[in-house]
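Same chain, two partners: subunit A is paired with subunit B first, then with subunit C.
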Partner chain A sequence: MSYIALATTTLGSAAGSVTFSSIPTSVNGVALRDLVLIFDGTLSSSSGNIRVQFNGDTSSSYTYVFMLGSGSGSGASGAGNFDGVLGGVVGASIRSAQIFQVMDYSATDKHKTVLNRSASQNDNVYAIVSRWPSNTAVNSIRVIVSGVNLASGTTISLYGVA
Partner chain B sequence: MTYTLIAHTELTSGQSSITFSSIPQTFTDLQLVISARNNEGGFYGYFEVRLNGASSGHTQRILRGNGSGVVSSTNTVIDMAANATGTTANTFNNGQVYIPNYASSVAKSMSVDWVMEQNATEAYQEIKAGLYNSTSPVTSIVLFGFSNFLQFTSATLYGITAGSSGGVVVS
Partner chain C sequence: MPIPLGILAAAGARQAAGATFELLESTVVGSGGQASVEFTNLTTKYATTYQHLQVRLVARTTRAVTEDGATRILLNGDSTLSNYRAHFLVGTGSTVVSYDAGNNPELGSFPGANAGANQFAPMVIDLLDPFETTKNKTMRLLAGSAGSVNSIRMHSTAWFNTNSVTTIAINATVGSWAQFSRFSLYGIKATA
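After this line comes the complex of A and B, so read on.
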């Protein structure tokens, strides 16, 4: 397995979203199989679930299922017709560390499955799986929290896995 | 190189702790991968993951499955359980810790997973949200055992370096 750094950004000021575009299917002749996105940061205010949207698709076509631990209880749920890949909650005080793994992102014969592990120590611990129902290769990724800005100092990095 | 082996150890005999020190500050994130067994007499024996060797300043939020139910809790340490001598022979736990921006001057959030399997109904797996509430860069990691880790326990530390390639545009 090879791990290739594709892009990274640390916000110098609050931003409504971060988008990685022109994502290749190979680098220097090495074909990439999966993508890994690492989120480490906070919001400017309030809290909310991260959404990851592929190829500019903001339609309510994504599905997810999750389990969570709150520290005093546990839960699980799922939904269809969501407007993005679901990530864990991010707040404004303690940084949330989240890992998104997009399996077979460049495949053109299958829907895209995404695994998310979210670590927000002052909220919940999550394990989430989402599906983007498209056979199109992923060429852009937008990270957003609906209605809230990502805070300055938030770092998001994208890696390709060969 | 994006994914770099920093250090690896496999015990040739029992010892109470494993330490990674003088961790280079040149990477973006750290990933620690563990395979552990200890000499507790029951099914499992906990050990702590102490950043900078600190015995305080860590907290965690846990979701655990034990083969028959699920529980969630919090604690003021970051820990894992190793297979103990009461579990199936030659079986070790499997755990990993991912620490983004370990060299930064902010508190360190981390993602922790571990499983402890055996040839019986009782086995454990946990996912955790961890926090090391210190603005100090992480320069060492101690796996602090309350009983000895057994021979063949191993731990591997990797550095992950963010960067740019392939023409990806960030906006």
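After this line comes the complex of A and C, so read on.
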């Protein structure tokens, strides 16, 4: 018993964000090591990068490194700070499927790291690593694109990996 | 939209379809460090139940460098590097590099002892059909590090041997894996 569905929501109407709170560290006595967040959706308008914020931390303390392929050329890579774990681009006309692997999310002896793989319709393919510089256990996860609503029909699922 | 989950710890949650992905073994490195993390007797223990294996790890090394690339994965104790071949796609934070890594089952870059405190690198390795005896073994990995070490990487690695995999060794070849590094082995069933 290692891959446990914690929650899934499909938005019935547009929403500014989705927050999973009081994330357990175990289920039925089985300790969870990692979390897997799956995003499949669009925005109500415009476009932007997905942000995944831990424990209400909206500061730009998160660091990232990405690489992308645009469908032509040799790709691109960048690094920097962001106000959340960095995900790939999603938009009103850019359906995006993204998987975030949140490693050792409840450990208090290390910073939290996240691997992201994203595939976006009419956009790029991404691989991204992010780090949240905190030894605090992750107990809430907020999914947001700054200033834009997640569109109706967007599905976000959260799994625990024992 | 808030979704509170606290009740799950007491009430239980739904197992993902068919319980086909299962934790087999897990190791957390202790205070003395550990040069090699090994999963052994795999064929005996798991070949009849599982079709694929996955290793999920979060690690750093004790080597006195900021970035430690001297790490390897070896199968069945085979340290003859010419039996392996790897290709890498790496984002450095400024450019993307794709190259033939040659006979090198390297795992990539981890934060070393000189990296920032509490920085560990995540990695997910998929080992496909490890117990099949009619094909050479192939692995792929997704890994990265953001902080003192900047890289995001995807590797493919082949082991030119059709033997069933009995041992997976994940080695820090110069230093050791540092305390709190975690290595977990998962099995993916052939049938539910």
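One rule holds for everything that comes next: the second predicted complex is superposed on the first by the 152 of 162 C-alpha atoms of A that agree within 3 Å, B and C clash if a C-alpha of one lies under 4 Å from a C-alpha of the other, contacts with A are read in each partner's own complex, and residues count from 1 in each chain.
Criterion: a contact is a pair of C-beta atoms (placed from the backbone, for glycine too) under 8 Å apart; a residue touches a chain by one contact, two chains touch by 3 or more.
Not measured: the values here are computed from a predicted model.
Overlay on subunit A: subunit B and subunit C clash in the combined arrangement. In the superposition on chain A, contact of A:Ile4 is made with both subunit B and subunit C.
When both complexes are overlaid on chain A, the residue A:Gly71 reaches subunit B alone and has no touch with subunit C. In the superposition on chain A, contact of A:Ala137 is made with neither subunit B nor subunit C.
After overlaying the two complexes on the shared chain, residue contacts for A:Ala97 are found with subunit B alone; subunit C is out of touch.
In the superposition on chain A, contact is made by A:Gly153 with subunit B only, not with subunit C. By the touch criterion defined above, A:Ala79 reaches subunit C but does not reach subunit B.
Contact with subunit B, but none with subunit C, is seen for A:Ser118 once the two complexes are overlaid on the shared chain.
Looking at the shared chain after the overlay, A:Ala127 reaches both subunit B and subunit C.
In the superposed pair of complexes, A:Thr19 makes contact with subunit B and with subunit C alike.
Shared contact residues on subunit A (touching subunit B in one structure, subunit C in the other): 2-7, 9, 18-24, 26-28, 67, 74, 117, 127, 158-160. Subunit B contributes residues 2-3, 28-29, 59-64, 70-74, 98-101, 106-113, 127-131, 160-171 to its touches with subunit A in the complex. Subunit A meets subunit B in the complex at residues 2-9, 18-24, 26-28, 38, 40, 67-74, 94-99, 117-125, 127, 153, 155, 157-160.
Considering their complex, residues 1-6, 8-9, 12-16, 19, 21-23, 26, 56, 58, 89-96, 98, 118-122, 124, 142-147, 150-154, 180, 182, 184, 186 of subunit C touch subunit A. Those residues of subunit A that touch subunit C in the complex are listed here as 1-7, 9, 11, 15, 17-28, 33-34, 63-67, 74-79, 101, 103-104, 107, 109-111, 113-115, 117, 127-131, 133, 135, 158-162.
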